[in-house]
Amino acid sequence: MGLLKRKNDVYSALIEGAEGVAYTSFYHDAMRRLKKDKIAMVCLFVVAALIIIAIFAPFIAPYEEDYMDVGNELARPSSEHLLGTDEFGRDILSRIIFGSRVSLMVGVVAEAIAVFIGLVVGAIAGYYGGKVDAVLSRIIEIFASFPHILFAIVVMFVLGTGIMNVFIAIGVVGWTGLARVIRSQIMQLKQKEYVEAARASGGRNMQIIFRHLIPNCLSTIIVVATMNIPSDIMYEASLSFLGLGVQPPQASWGSMISEARKFIRQYPEYSVFPGIALIVTVLAFNLLGDALRDALDPRLKNL
Amino acid sequence: MIKYTVKRLLQTLIVLFGVSLVTFVMLNIAPGDPVGVMLAKRADQETIDRVRHEMGLDKPYTEQFIEFIRGAVVGDFGDSYFQHKPVSEILAGAFRITASLGVWVMLFSIVLGLLFGISAAVLHGRIGDKIIILISTLGMVMPSFWIAIILQIVLGVKFKLLPISGLQSMSSYILPTISLGLIYAASIARLCRTNMLDALNQDYVRTARAKGVSEFKIVMQHGLKNAAIPIITYIGILIKSILGGSVLVETVFSIPGLGKTMVDAITQRDIRLIQGCTIYIAVVFVVANLTIDLLYGLLDPRIRVTQEG
Amino acid sequence: MSEKLLQVKNLSTYFYTDEGVVYALDDVSFDLEKGEALGIVGESGSGKSVTALSIIRLVQSPPGRIVSGEVLLQGEDLLKKSAREMRRIRGEKVSMIFQEPMTALNPVFTVGQQIMESILIHQHKSKKEAREQAVEMLRMVGIPAPEKRVDDYPHQMSGGMRQRVMIAIALCCNPQLLICDEPTTALDVTIQAQILELIRDIRERLGTSVILITHDLGVVAQVADRVMIMYAGKAMEYGTVREIFTDPRHPYTAALLRSIPVIENKTERLHVIRGMVPSLSKRPEGCLFHPRCDEACELCRTKRPELVTMADGRQVRCHKYTDEWEGQHNDRQ
Amino acid sequence: MTGSESLLSVHKLRKWFPVKSTALFGEKQYVKAVNDITLDIRRGETLGVVGESGCGKTTLGRTMIRLIEPTGGRIVFEGKDLTGLNEKQMRLMRKDLQIMFQDPYGSLNPRMTVGDIITEPYVFQKMYTKKERVEKAVELMKICGLDPVYIRRYPHEFSGGQRQRIGIARSLALRPKFLVCDEPVSALDVSIQSQIINLLMDLQQEFGLTYLFISHNLSVVYHMVDRIAVMYLGNLVELADKEELYRDTAHPYTRALLKSIPSLDFREEHRLRAALKGDIPSPINPPKGCVFHTRCESCTERCRTQTPPLREIAPRHMVACHLYEGQGKLVEQQ
């Protein structure tokens, strides 16, 4: 057979030839498109800044999380306390900085739980279809019937308050949306010809799911997760606002707004500052999600 | 069409059963000793056992569940331990209040949402579109409880224009409606814009243009009728979010609706009331979703008129 | 009034995308007699569909824009018309049908409503009269039991039937010009034969002039009187069906005709046109076809040929038919 | 080149897709995509399968290599009955049976490099080391006319024609004996189409491949194949050598198909007349008796009631039509 004879030159041709050729993988393209989107860059910068603030909070914040400047309660913004102090004399700016830890952690951890459950349920329902799909879809529908906030409240009631329970409560509730998206995407991808080709050359179900189906869902997962993080942050803030989430003295933007409500007359701005921090964070993640969707999956772009 | 309806009815029954099962398990089985949690150790073991017996919690779970279902079907969720009144009575009153607020919030968000959404799609590519996108994104990120407080401070306290609590007079509806409705108006605007743009890029719009149909009619007839279908399905989700969101707004404006009842029940640890409230809200959503799905079938001929054999 | 129904002069339409300017349609000219059928043939990316969309001014801008040229319909330049005037013309004087029957009809309106919509815009008729006319149109395009089918929704009809409905919509106001953009590409061969026969009957019965856009030379041979071969946005050759099929002059036309598998001829290997269809934004220097042309020479690689009208009226864009060609003859590879 | 003994044959092969019946409690309804088809393909041969949309040609191709599980009938490959094999055994057989697809964009995973796509069959069949797989990939790319320098590029960086070549390289990776080509050139321009057809014919020469060539375009098929099978609404209506099929066409549907092809003969008197009226009936409840009777000019009372059996009216020329009642001998269905 003529093919074997040419073995060595084929190999050498391969190395010097293939190396030189520039290739753009899918994610290179996506990054290039993302860089062109100025808003996305700003949001990326804001999100990065938030993460740094959250990690290095103890060094950045002017005061300890629960340091009380006794006798200086509800002070207006001054040089010592840039945003003034709360009813216990604690520095509002420092508590907002520490509060960013809670919000970002909830965004990441809760969303990770939601993505994990959603991906598993969605992939199985989508791939196997038939009865499995019917049962899982009903389960998705059941969990989606509870308003997000209420279900989280009940979960908190059962688990008790505390930061870890907040993550679980929001994560356990938020997976239905992603499950539905993944399920419909897997159903579409299942019919693609490259999946049939894999099956025709002997690919097993698991190999097909992990080599073909999940990689092609990745961009959807990233987009949906990035869009869900802001709502997770809002749910945490709401829970804390209702006094069911993070308990004092730990700082959370939601609980700060709730505390501030009692002192509207003396110091109205007290409740405005944590609100602004919350809005900036949620806005940054939201716009980043939009930009990622446009960069990763041009077809999803709503022109 | 009938087949579609029957199938949906069957699915809804299963979901309702699932909802009651999940709620029952979470509140009665998960926390181990519900009465202990309820009395929060304020009573000695002897009273706890007596209360447990009174509420029938010492029976095996399956029996409790059957009793619970039989009651729920008839609308009887047992009695609230602290208010000594049937839960269903409390919920009915609270629901009327939340519903009345909910209707206004829905109207506000749908009207505003469609207005912004359609105009954004029509002004696509121009400044107007960009401004509306910005406003709607901002609207989506405003936490409802935060806006509620800001409105309370500015309009209520500073300028004393509007009442800042309760739902006695018509004007007292304005602040809660705006603070809860803003988020949903923004999401409807975005959804409507995306669907309109999608519809306006379909081949049949190009055909309509080739017929000489005016842009206005293309948007209003061809575009809207196709874009309306996904928007109507969103209204189902809207009802659920309003039921959820009302918890916050009712707390800020101290409106004794379902949301506030739920929060108070949680803080008082009134298990029966919490259970009744959760089921009640979920049922309202499921029923609303069902009606919308059937409406959806009527509007979309592809479902109403099945393919001939 | 000149006998010519349509005169297109130096029409150019470019698309301004972030990857650069796409020269989709570059300086194309042709004309159409009353009742005549012109076939515009080309492979994908040749600019044939853009020609139609530019005539009827449905090019989506941004990113597309008609950059230059004139489109004279009975002497009036459509490019100068206002949007309102164009809306009157579309459907009344010029109408168009598209390739994908599955998506070209609005799924939430009945077939009858979509025909009546065009009638009610252009003709002042009552709803009842419009409905009767719609049923008549459905009968004319060969749909069985039109009185019943008029209230059907598009999803209840097959591809072939929907294309007939599209034709009914396009013809209900008896336009002078019907533009068909690959009308039968998505259809099966037996259904395609029915639609082509229908288009031919319409030309005989209503005298409508037709522009038929396709990539299938067989379809052109069966319906068209004159043919324009397009490649990479420019017209390569223009002549009657007989001239083009019996005596193809441009190397691309000849290569295309030779590479089509035909049942009768016995050749073992199919004739191949090497290389790929060029990208419209990064066009080759000189003649656009030179990278794939077996007769290309230095002149072809450097100078872009003009569309030359030869003695017998034939138009060809190739240096072979210019006097400069003799000199170059020898150094061809 | 065409050997005598059969490489792959199917006996009364059937594939019925259950359909959610519109009637709530009505009996189960089926789309009878492939209806009791018996075919025999000889080693080195190219059998063309032609028919319009909904005739079941794509389902037949996939069912033959059990990419879709048949609901009835037997598949025999090199004397071995494939129908009974369990998944593990079938996986070994996959080496010899491969398929290539129509859509250049849908048949390649956009997230994998060309090298990974071509060598994926080795991953599934656990063949060769990493280094050997790269060599194989380079070799296959060269054979299919692709420059191996681009081995690490992604599908979106190639033209339609090049993508089809990648698909062909992948289907050759396991050195198959039998290849189903499901409309491999239908999505390509004419000039690119002939390049791929010539490539397929060269590969058949070099590797002694046997093709099942599926297409709705009879002229493309005519050029490539030795024998042609014509299908209508899930049934085999005619099967013959290509010259025989063209010269003395037996079945009315085949005749209509041939007449509907828009020929390059532009003269007025030869111009196309529609050979068939009406539309293809719905596959959910096909017409009784002969499925083609609703559109056939020479339809008789018998055609409406009795399904015509496949009979051999001339050497290796089968047709299923009552017009040939009594001629030739019935093809006995083993």
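A few remarks follow.
Letters are used for the chains, namely A, B, C and D, taken in the order the chains are written, and counting of residues starts over at 1 for each.
Here, a residue touches a chain if its C-beta (ideal position, glycine included) is under 8 Å from a C-beta of that chain, and two chains touch if they have at least 3 such contacts.
Bear in mind the structure is a predicted one, so any value in this text is a computation, not a measurement.
Touch-path distance (fewest steps) from chain B to chain C is 1. Counting C-beta pairs in contact across A-D and across A-B shows that the higher total falls to A-B.
Computed from the mean C-alpha positions, the centre of chain B lies at a distance of 53 Å from the centre of chain D.
Centroid to centroid, with C-alpha atoms defining each point, chain A and chain D lie 48 Å apart.
Between the CA-based centres of chain A and chain B the separation comes to 23 Å, rounded to the whole angstrom. Of all residues in chain A, none touches two or more other chains.
Chain contacts: chain B has residues 307-308 touching two or more partner chains.
If you check the complex, the residues on chain C that touch chain D are 43-44, 144, 158, 160-161, 188-194, 196-197, 200, 215-219, 221-222, 241-242, 245, 255-257, 259-263, 269-274, 276-277, 292.
Across the complex, chain A is touched by residues 62, 65, 67, 91-92, 94-95, 97-99, 101-103, 106-113, 117, 120-121, 123-125, 134-135, 138-139, 142, 148-154, 156-157, 167, 170-171, 173-174 of chain D. Considering their complex, residues 138-139, 141-143, 145-151, 153-155, 157-158, 230, 234, 237-238, 241-244, 257-258, 260-261, 264-265, 268, 271-272, 275, 278-279, 282-283, 286-287, 290, 302-303 of chain A touch chain B.
Against chain B, in their complex, chain C makes its touches with residues 56, 58, 62, 86-92, 95-96, 98, 100, 103-110, 114, 117-118, 121-122, 153, 155-156, 166, 169-170. By the touch rule above, chain A contacts chain D in their complex via residues 3, 7, 10-11, 13-14, 17-18, 20-21, 23-26, 192-194, 196-204, 207, 211-212, 215-216, 218.
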